[in-house]
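Each of the next two complexes has chain A plus one more chain, namely chain B in the first and chain C in the second.
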Partner chain A sequence: MPYRLELTGITKRFPGVLANDNVTFAVKPGEIHALLGENGAGKSTLVKMIYGIMQPDAGEIRWDGQPVVVPNPKAARKLGIGMVFQHFSLFDALTVLENIALGMDAKIPSRELEARIREIMGRYGLLLDPHRTVATLSVGERQRIEIVRALLLDPKLLIMDEPTSVLTPQEVEQLFDVLRKLAAQGCSILYISHKLHEIKALCDTATILRGGKLVDTCDPRQETSRSLAEKMIGAGLKDIVRGEGRTLGLPKLVVSRLSTVKTGHFDVPVDNVSFTVRAGEIFGIAGVAGNGQNALLDAMSGEVRGGDKDAITLDGFPLGLLDTTGRRKRGLCAVPEERNGHAAVGDFTLSDNSVLTARDRLGMVMMGLISSGAARTYTGKVIADFAVKALGPGSTAGSLSGGNLQKYIMGREILQKPSVLVVSQPTWGVDAGAAAAIHQALVDLAAAGSAIVVISQDLDELRALCDTLAVINMGRLSPARPTEEMSVEEIGLLMGGVHGATEVHDAVPA
Partner chain B sequence: MQFRLEKRREPSKVMVYATPVAAVVLTMVVGAIIFSLIGYDGVGAVREIFLTPLTNSFKWQDLGVKAAPLIIIGVGLSISYRANVWNIGAEGQYIIGGLAATWVALATHGMTGWWILPTMFVAGMLGGAAYASIPALLKTRLNVNEILTSLMLTYASVQLIYYLVRAPWKDPMGMGFPQTRIFSEAARLPTLIPGTIVHLGVPIAIVVALIAWFIMSRSVFGYRMRVVGAAPHAARYGGFSENKTIWLALLVSGGLAGMAGMLEVAGPFQRMVPGFPTNYGFTAIIVAFLGRLNPLGVIFAGIVMAITFVGGEVAQTTIGLSSSATGVFQAMMLFFLLAGDILIRYRIKRVVPAAEVRA
Partner chain C sequence: MSPELIIAIIVTVVGASTPILIAALGELVVERSGVLNLGVEGMMLVGAITAFVVVFLTGNHYLAILLAAAAGLGTSLIFGFLTLSLSANQTATGLALTIFGTGFSALAGQGYSARPVTLLGPLFPSELATHPIWRVLFGYSALVYFALIMVVAIWWFLKKTRAGLILRAVGENDLSAHSIGYSVIGVRYLAVMFGGAMAGIAGACFPLLLTPQWAERMTAGRGWIAVALVVFASWRPFRLLAGAYLFGLVMTMELYAKAGGGPLSVVPSELWAALPYLATVAVLVLISIRRDASTNAPACLGKPFLPSN
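Entry: the complex of A and B
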């Protein structure tokens, strides 16, 4: 039987980067094939060429044994290639059915379309009400829309780009069931991820990319997570090093009855949130995206201020009414989730980006004038201490890769030695090497006596990093408990909250 | 055949500075062609408009006097536009600045003293800033678009001149002409170079641009303007409130427009007349963009625009070109500049119709 998809010597060059260098691998019919690699390893570029978004500079793509040229995604869909992107293209204000109808290449009467959607959902156990408005759906449910959209075309190859990064553990299991059913019926699946245990649980074959080159094609079930990770990053993996006999100090950050006002139509505000973080403690806040994390971070950083001065206190000093600058001077620093355009300005140099948050704590301003020398020196220190791959303080933030920019941003805040650091998604889209470095830096900062709050959707990260965990759902925070006392299932149920998969039809709109 | 714009990975640094020059050159070339086609001596027109003001040393003083208000207003606008605050009403702020200075001059009529001109100077800036604070208030309180309010207020200010020079401020000895009396000696800007019309406003314009350049590149204020314009979300994260930035941008650009109004009324005009609004405030928008929103660039851009003004007058007398030809040339310059700016950031790509899949 010929391979479903065969890539031979695929090469793609961008100005200054060789994104894919002579990549060769093949996918069998009905196979779940993992494409594994760090950020920037060339996975996305490769997949974009298969789906016709980009064209290879060299090499051959064969489909069912025949050489093909895929000029655009429409042609890819015609061949039978479906793709579910990491970022969904859905209109919040429209229903599931309307969204699917909008994305179709061919016009189908909506009653007929609905019947086909229901048929597919029934066949694969995808729970979804076609008449629900997208805004009221959880991320997992939104992903199901994208999957249904792809399945409507009867694909022979389904490409899934980092599908589990925003799902609860229960949703991940449901997704895997669907993918296994699909594979059993002969549909090949190209599964892109950097989560090793998922790949071990799901995939038959794994192709590992590093720096644009193919490192290995192997059977992930024969490998350990560690050996896969080492192939992926090409070096021995470092574990988080914790100091011996660590004890937590006095309460440092106390948040009590913090609430925010709903601003946008689909915005989830924070509702009566209270928690305490002690000196030396890393406090984790788990939750599915869109459950009030952004509002919580803005309220903590001071970008959005409430009217209660005691809602946030640091060492007993009320911060509730202070703006971002005032809070930073008091020792509370924050790092939002969005790197480019929020935590950093892409068009500015790294030096200028240091001025953005470090100018007051590090004395970069004298009589209204910025000391560019001080900014440059500090930026140089951040680059050196956090191993940021940049030409120097004069490089623009936008020229850095996501992982490097995140290392710079984390370094910029951590080297200010804040007494409280609030970070959202510290390693989102960051490669394993950089993530390990960031985790170690957070642990070290806590060891030095700071209180740290980590807001993340990555449970592995939170469980490895945090002393205490709480779960945010619909803007409300569950009671905090020591990490080792909470099982993954328990956290998953709390994350699901009213959005639990079995109660889809009873869900209350936000 | 279809075309589409595709974003470039990184805009070329060289092109950012080459575009204004290219825009001027293209304006000259296309201008020559257009005016030739409609029956004028196109090449001659371009020569008279762009070269005569430079080659004829008698015209240099005119250049300086025309460029000064354009540079002062253009510097203010370049600061405001950096922060994405679109003050389009500099003309109105210029007028109110001129009126405020006139009020001081009329109130002190007949008096002498060194303090009168500085008082007029301050009054002019305060007047312009106060007028710009109306759009600022509406924008920050009610989220009203500052482009509309600042522009519409310009027309209100023109009516205010008409009213003042026809009734309360009318020159009693003016034989009914709608204008104020001529200012006293102490309220007129001294001529710098005897025998010319070059007044104190010319060096002031250069100094204003230099100070603004220093502030924009070195101070927290300049940083604030740049970061709010480049990434408003990051600015908020960095502790720069958006409303405060809107206020600062409008007050500074309004104040500078008001300063230009004071210098014009105390310099070339020496009295308030209905013809005081000369579109400097609008032309300065082109100056700000032609100067790449950089105060030093604005100096050169102001001179280029002054050349077209002076040259336009020359062309009127020598080859009988209508005065609106100047406007045509200025508009072409802005057009080529903006088009060039797009091409710096995007490239034009031909869209190939989707080929059939070869399978």
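Entry: the complex of A and C
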């Protein structure tokens, strides 16, 4: 039996980078094949060439044994290649049905299309209302649209680009069931991810890329997560080092009955949220995106202020009425999720960006004049300590890659030694090596006596990092519990809004 | 007011509204594809002078309309090339196009001012429109009916056809449309060209429908009202129709007020002239206040399409 897809010597060069260097691998019919690698390893470029969005500079693509050229996505779909993108190619203002119709090359009357959509949904247990507007759907539901759209074409190869980064554990299980059903019917699946336990649970074969080169093709079930990770980053993986005999101190940050007002149609406000973070504690807030995390962060940072001065206190001092600058002066720093445009100004130099958040704590402004020397020195220290790949303090924030900008922003806040640090998605889009460095810096900051709040959708990150966990769902926070007492299943249920008997307890830990 | 006066007002309003409606319909399609072309006024002037010269030389009104459409389309291609192929700033390019159209039409129209032509007559034979009531239905030129048909046609195109769906998709999320495999630039070129042709026809209305001569800047800012009207109508064709007739009514009131026509002259005519703009500002404020209610603005409006890699 010929391979479904065979790549031989695929090479793709961008100005200054070799994105894919002589990559060769093959996918069998009905196989779930993982494409594993860090950010920038060349996974996305490779699948874009398979799907016809880009053309290889050298190498051959064979489909069912025949050499083919895939000039555009339409040609790819004609061959039987379907793709579900990491960033959904959906139109918020259109309905589910219209969105799916746009992805179809054949003109199908909408009634017939709807019947076929319902048939596919029924067969794979993907529930959706075809007439809902996309803007009103959850992320998991949006992904289902993409999957249904791909399945309507009866694909022989389905490419999934990091499909689980936005899903709850239960949604991930449902997705895996669908993918296994598909594979059992002979559809090959190319599964792109950097989540190792998922690949071990789902995939038959794993092809590992590093720096654009193929490192290894192996059976992920025969490997350990650690050995896969080491192949992926090409070096030994560092564990988080925690000091011995650590004890948590007195309550530092106390949030009590914090609520925000709904400001937009798709905004989820926080509702009566209370929690306490002690000195030296890392407090994790898990939850599916869009459940009030942004409102919580804005309310904590001071971007959005309520009327209750005691809603947020630091060492007993009320911060509730202070603005962002006032809270920073008192020692509460925050890092929002959106790094370019919210946490940093893309057109400003790194030095100027440092002035924006560190000016008061580090005395960068004297009588209204910016001390650019102090700003440059501090920025240089951030760049050095956090291994930020930048030309220097004079580089603009927008010229940095996402991961490097994140390292800079985290460094900029951590080196200010805040008493309380609130961060959202500290390692979103950051490669494993840099993520480990950021995690270590957070642990060290906590060890020095700061209270840290980490808002994240990445459960692995929260479980590795945090002493205490709570889950946010529809703007409400579940009771906080020590991390080691909470199972993944339990967290998953809370993320999905299923609260257990713990519901009745007061959310403030004793 | 006598019934005759009311009918006369209705007929004037419909006539005055028609160029705004046609131009705004074109701009609506352009904006739905995600492009903001502020050059409507300029394209209308190019259409107006083209229509005037053609009708002056040949006496054929329909040929004049056709060539005015072609001239508007040609002018819009300048805009399309700069903003779509070269990714120039749409606002600045649109403003430049208006300045260009104003200057070009003034240059081309030298020697044509104060020369009379004949207006385009009613489409239906005058026997149908003898009674004043029938005049309200059958007393207009072909351009008026064309505008009304285009309202329905554009609504149907956007709502019911696959091509219309693709156009909306391109205006809503250009990167997604591109990744699915649609030609964002191609769709936008077609939309801009359609908008240009419509603006050309709208310009032709001035010498063929309203005043049978050429005067510099004879469109008198109607192109700007058309642009405002698209926002006013929140990008919906039937609201556009209502808005255009409402604006037409206010503009007619201005004329009556200027002419010292009874109770209307209590309000200064300058205020009547300002009303359409005040109404637009009011609508924009209302839309901004109720921002949770879907404003319906195409999400990519005015942003150049720059596919990353």
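In this text, the second predicted complex is superposed on the first by the 481 of 510 C-alpha atoms of A that agree within 3 Å, B and C clash if a C-alpha of one lies under 4 Å from a C-alpha of the other, contacts with A are read in each partner's own complex, and residues count from 1 in each chain.
Please note the rule applied: a contact is a pair of C-beta atoms (placed from the backbone, for glycine too) under 8 Å apart; a residue touches a chain by one contact, two chains touch by 3 or more.
Note that the coordinates shown come from a computational prediction; the quantities given were computed from them, not determined experimentally.
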First (chain B), second (chain C), both or neither touched by A:93: second
Contacts of A:103 with chain B and chain C, given as first, second, both or neither: second
Contact breadth on chain A, by residue count: chain C or chain B: B
Contacts of A:72 with chain B and chain C, given as first, second, both or neither: both
Which superposed partner A:85 touches (first chain B, second chain C, both, neither): second
Which of chain B and chain C A:111 touches, first, second, both or neither: neither
Contacts of A:53 with chain B and chain C, given as first, second, both or neither: second
Chain A residues contacted in one complex by chain B, in the other by chain C: 72, 74
Chain B - residues contacting chain A, complex: 9-10, 218-221, 223, 226-227, 230-231, 233-234, 236-239, 241, 352, 354-355, 357-359
Chain A contact footprint on chain C (complex, rising order): 162, 165-166, 168-169, 172-173, 175-177, 179-182, 291-294, 296, 299, 309
Contact set on chain A toward chain C in their complex: 14, 53-54, 72-74, 77, 85, 88-94, 98, 101-103, 105, 107, 264-265
Residues of chain A defined as touching chain B within the complex: 15, 63, 66-72, 74-75, 78-79, 301-303, 323-325, 328, 334, 336, 338, 341-348, 352, 355-357, 359, 365, 368-370, 372, 399
